[in-house]
Amino acid sequence: MVAIKDMLQAGTAIRPDGRAVDELRPVSITRNFTDVPEGSVLICCGNTRVMCTATFTAGVPRWRKDSGLGWVTAEYSMLPRATAERTDRESIRGKVGGRTHEISRLIGRVLRGVVDMKALGENQIQIDCDVLQADGGTRTASITGAYVALVDALRWAQRKRLIRSADKVLKDAVSAVSVGIINGTPMLDLPYIEDSQAMTDMNVAMTGSGDFIEIQGTAEHRPFSRKELDELLALAEKGNKALQAAQRAALNA
Amino acid sequence: MVAIKDMLQAGTAIRPDGRAVDELRPVSITRNFTDVPEGSVLICCGNTRVMCTATFTAGVPRWRKDSGLGWVTAEYSMLPRATAERTDRESIRGKVGGRTHEISRLIGRVLRGVVDMKALGENQIQIDCDVLQADGGTRTASITGAYVALVDALRWAQRKRLIRSADKVLKDAVSAVSVGIINGTPMLDLPYIEDSQAMTDMNVAMTGSGDFIEIQGTAEHRPFSRKELDELLALAEKGNKALQAAQRAALNA
Amino acid sequence: MVAIKDMLQAGTAIRPDGRAVDELRPVSITRNFTDVPEGSVLICCGNTRVMCTATFTAGVPRWRKDSGLGWVTAEYSMLPRATAERTDRESIRGKVGGRTHEISRLIGRVLRGVVDMKALGENQIQIDCDVLQADGGTRTASITGAYVALVDALRWAQRKRLIRSADKVLKDAVSAVSVGIINGTPMLDLPYIEDSQAMTDMNVAMTGSGDFIEIQGTAEHRPFSRKELDELLALAEKGNKALQAAQRAALNA
Amino acid sequence: MVAIKDMLQAGTAIRPDGRAVDELRPVSITRNFTDVPEGSVLICCGNTRVMCTATFTAGVPRWRKDSGLGWVTAEYSMLPRATAERTDRESIRGKVGGRTHEISRLIGRVLRGVVDMKALGENQIQIDCDVLQADGGTRTASITGAYVALVDALRWAQRKRLIRSADKVLKDAVSAVSVGIINGTPMLDLPYIEDSQAMTDMNVAMTGSGDFIEIQGTAEHRPFSRKELDELLALAEKGNKALQAAQRAALNA
Amino acid sequence: MVAIKDMLQAGTAIRPDGRAVDELRPVSITRNFTDVPEGSVLICCGNTRVMCTATFTAGVPRWRKDSGLGWVTAEYSMLPRATAERTDRESIRGKVGGRTHEISRLIGRVLRGVVDMKALGENQIQIDCDVLQADGGTRTASITGAYVALVDALRWAQRKRLIRSADKVLKDAVSAVSVGIINGTPMLDLPYIEDSQAMTDMNVAMTGSGDFIEIQGTAEHRPFSRKELDELLALAEKGNKALQAAQRAALNA
Amino acid sequence: MVAIKDMLQAGTAIRPDGRAVDELRPVSITRNFTDVPEGSVLICCGNTRVMCTATFTAGVPRWRKDSGLGWVTAEYSMLPRATAERTDRESIRGKVGGRTHEISRLIGRVLRGVVDMKALGENQIQIDCDVLQADGGTRTASITGAYVALVDALRWAQRKRLIRSADKVLKDAVSAVSVGIINGTPMLDLPYIEDSQAMTDMNVAMTGSGDFIEIQGTAEHRPFSRKELDELLALAEKGNKALQAAQRAALNA
């Protein structure tokens, strides 16, 4: 496990948990959390805990056959008691909700953004992100953890000689973090209590080289100005750098 | 009907349809497209045509009761032959797909961003966006058209004395447009042929006063830099200004 | 567009909209309503408006393979605000209702009744009828409009040399109209206000040569006698003749 | 059990089972087939066997509350091995098929056609028709059997003083029979082997006084003329008279 | 039909229906209940009546292909008015309930326990058990009746030369019966009134040679001791012997 | 965490993992595995790991209202990569499978068997068992872990004064273990590799006082004799005693 809390310089602590506005929650990344999957990671960002597995399978879905290209897909789900109030299972309700669909698609898109499909060849990687405990930022924690599981699955495939080189498949690293504006102040990495009060909420996925893979900013309560956007993006960059340091530390452990 | 094509100054036309990179497709907004709904709009952005209706109902969903606040929600759907290849109906498949869910949620969020729920009172507005023909930008056309239908529904409610003032409910206007990077060049308002080749695709919803309600930028093929982001946002601002002029012209007609 | 109102001789006007008992509502048939489908028709019968598309695909469903025969199928649906009260989407409810199923099957059966499956060869035509606005008679308007879309799709296929001759595939024209008994008086082409009060409601699909493809008569409130049946059939014949004239006019335009 | 075969005068026997063209298959109606339901009937029409139950419940669905009126509804289903090839259960497939929906709605409509909803009061009768063995005419056998189950349920309700008088609720008797044109010859009561070859297939529900409740005639293979329609209706009248005699005999037994 | 009541020696009658604690309800087994299935049995155990059919099909499900082995599967269902209160159809609810699933799986497992899959070859037998009337013990009656239908289907397959020998496929006979503890007294073959009061409820499937295929004992209200278990198993053995005698009598008739 | 491996005396080790036939796999029980639920337990039985949460809610389902009695229910699920091959999510498939239903019902029944519903009062406890890794015995591990989560939830409710006494609600402890016959030898606590080869498989839930709550024994491959049953029950008793010692140790920690 790798704690990145210390890497962040303290700002002025004004938040419920005593953090500075530009400070991440403690993050830990545990590889090989379970034994069976090709990649299996438990990521904890504060009280948010997500189990991320990566399943490597030879072959691709039918629509992608004979293209010479691979595919990466993701599914996100919350256990019923990840939340303070128990949430009914989507399997029992018989359908997957809009929020779940949206997040699953997001995770898949972001990971595909750093994968060279030609180098992957006609192989598929299925990411599963199951939230064991939710305290805000579950989709960004999922992305950050899933990247590590993806790397492990590719290394496994290289050892099994199913791909030539994991490094060639990976075009870059990727992580994601949430930022938001609370009472007019932009802040980094919102737990549930802050997230539910945010005027603007933004999730930003960035590569190791500092480019964007995905920006999703939303203002239900109050539109945000160009100046606020710039501040949010600066916070997100800082947070993602720290998360990528934690990813590297975990992968080198 | 209001054509805004003329309002845009020509850039250098390098696109399949001869447009400049910063030029919108022709847009028309037809109010009262059908007779029954409180608001009913047909919006055409190039070959994309969306029927947007707004249904005003007294009362709110159970979870919102006795809050004194209103609610706005949206559903998006494509007719089977909106696309070149016929798409199976989601009713027949028995479930709503992830993309549909995602877009429905987006439209609802964006419209809620300009509605004062207290001024709306315990009333609900349901937006339905049905794509009759799809040629890229269906979600942004839906938002732009739905805003006009929303205004009509609020004016209807004011005439029926169900709300005090439509103007008080509306905090601002809102429209949305897509931008993207094709072969390294940022462009405004992508039709399907461009959208399918874009390295980066971004949808931007802005208010009349120039703030952001929603930014969704995604890079499946190549990450985008901060500089590219700035250029995309500038194009989006230009496009949204023109769309809002078209909305105003339609509403004053 | 072709208005057939004038073709009908006036009876004694006693109906809410001033029509004679044997008078059709104004009908218009617009071809090429959207650009993409092989056949795309907007039909308006009074305030009822249905968008009918015909999709031509090479090949047939598996159960029909290697039979040398083609297939025609249809799906009917109503947009949520086609009606005065908004109707929930069947995609959201997760299942197609009985009424929708029944009408879809009816439309398919009637069109198959005029198609020579051998001449069509192993090709499939999928009809989609989406009701934009409903004011009674949506299933009969769907049939009447779908026939025109079907002809356009067959002509398209002939031009593309996918079939030898559209004329050979079409054994006859077909249209449909509703008739009913209100307060003891048989009437032609019922709008919603009349339909909801009818003692007996009957839908009659006839060929251009005056034979029947489908008769569906139902008496929830009061059984109907043989004499009344004969009067209803006479009205239906008159209505269908006029509708077929409108179809011919549209197809020759 | 009541056999009505003898009541029919022989025509010229030209059919696979040796019947005359205007001859019903043997019919038997067994009341109290099971013990628990308010009405429980096994009807056999040739090899077609349907179990029809009627469930009487105090109270009506919500939309009918405080109307002073009752309601009658029906559900039809086939057991998996009612047919030569096993049919998958609709419960397993997770949705009710179009044909099932259509027939369920037909049965309900026809029975409502002979029920005085005011005399029934705010009570509901649910009809269940489960086909144990299918050999053509399952929907018409269902109607004919369900009427007897309905009468038994009403008599039960009268004994329990839940309604004042079963006779007042019943405006008339009702039965149904299929007719069709095979090789150009109109025939009565088609078994599966004939039904599958029919050019035209028609189901006719008639009251005891000889009026129509429902006519559903369909011509997938060849349209039918007015003259053929008249012949089919004459056959249907003859068949329904015989079926109603069998109903009376069973109810008086 | 074969009544086995007389075969059982009377104990001390203390039960609602006057039976001794170790006495079965009257059982009858009717073969060829319907004409079409390869095996079709109506079994009545007291007021419980189940229609059991066995469908023999050449070929096995995909996952079993090229194994040289056959497969046996089962589906259980209750008609809506099998019970005193009408139960909604699972097809209408759109999903199969947990109890139905559980019983279907039980029946399939038990029958597979006496089938030699190699001797069956790559053929499949589908068992359908539809409860026409339910008065306790529907799952055990289903097993007992389904065994007879299975034998008939195998004999049919032998006659059709689809298998070499029905006797070689059948490793043994099998039947099942329920036992339970009521007010501290172990009893055999519980009808609904007893079943609903039982402290412990157990279903026992045994082969003709007296071994167990399945034991399912459950104590919602009061745990059961080892001594009680022994008494229940003794009762179950007695009941199953009698049921197997009834099976033999029916199969030899 | 509490390891019980040492408590078991070694038999003759003949098993893949070197255990004696009457030896449990190492078991650990971690309380407060997550922070939010009223009870949250991670149980590991060998490589099988299940997260069990207990949710305490005031109030009972509608059908149980005003009875003065509480209710306990359970849901079981497997994460997609709990198994060697990834399993599709039931939420995506849109329905809960038969196996899942069966196990959920089993867990609920067993726990209800030790709960005094009157002492619980009109409160509900929902158990969720999510399998993080599956290596045989997931249903029995779920029961054993869920009991500890249940106790924690009751203790929480006592502290919150929602119930008077957790001890009064609990009539006894309960645990469950699997036993089976492999190559003719009865064995305790089967991992997947053994389970898949077992001739007979049995799950036994016992109370702390040594009585049975549930016995489910199944013989797909070879029936089992009375003598074998006795041996299996003896093994199960031994295993359950050890598991209950582990439960006590965890609850006293």
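Going by the order they are written in, the chains are A, B, C, D, E and F; count residues from 1 in each one.
Quick note on the criterion: contacts are C-beta pairs under 8 Å (C-beta built on N, C-alpha and C of every residue); 3 or more make two chains touch, one makes a residue touch a chain.
In UniProt terms, the chains line up like this: A, B, C, D, E, F = Ribonuclease PH.
Everything quoted here is computed from the prediction, not taken from an experiment.
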{"item": "Required minimum of steps from chain D (Ribonuclease PH) to chain F (Ribonuclease PH), each step between chains that touch", "value": "2"}
{"item": "Reaching chain E (Ribonuclease PH) from chain C (Ribonuclease PH) through chains that touch each other, fewest steps", "value": "2"}
{"item": "Separation of mean Cα positions, chain F (Ribonuclease PH) and chain B (Ribonuclease PH) [Å, integer]", "value": "52"}
{"item": "Inter-chain centre distance, chain B (Ribonuclease PH) versus chain C (Ribonuclease PH) - centres from mean C-alpha coordinates, in Å", "value": "33"}
{"item": "Computed distance of Cα centres, chain D (Ribonuclease PH) from chain C (Ribonuclease PH), in Å", "value": "28"}
{"item": "Numbers and ranges of chain B (Ribonuclease PH) residues touching at least 2 other chains", "value": "94-96"}
{"item": "Ordered ring members, chain A (Ribonuclease PH) first, chain F (Ribonuclease PH) second", "value": "A, F, E, D, C, B"}
{"item": "Partner chain E (Ribonuclease PH), residues of chain D (Ribonuclease PH) touching it in the complex", "value": "34-37, 40, 47, 49, 51, 53, 55, 57, 75, 77, 79-84, 86, 89-92, 94-96, 100, 126, 128, 130, 132-133"}
{"item": "Chain B (Ribonuclease PH) partner contacts - residues on chain A (Ribonuclease PH) that touch it in the complex", "value": "95-99, 101-102, 104-105, 109, 112-113, 172, 202, 207, 209-221, 223-226, 229, 233"}
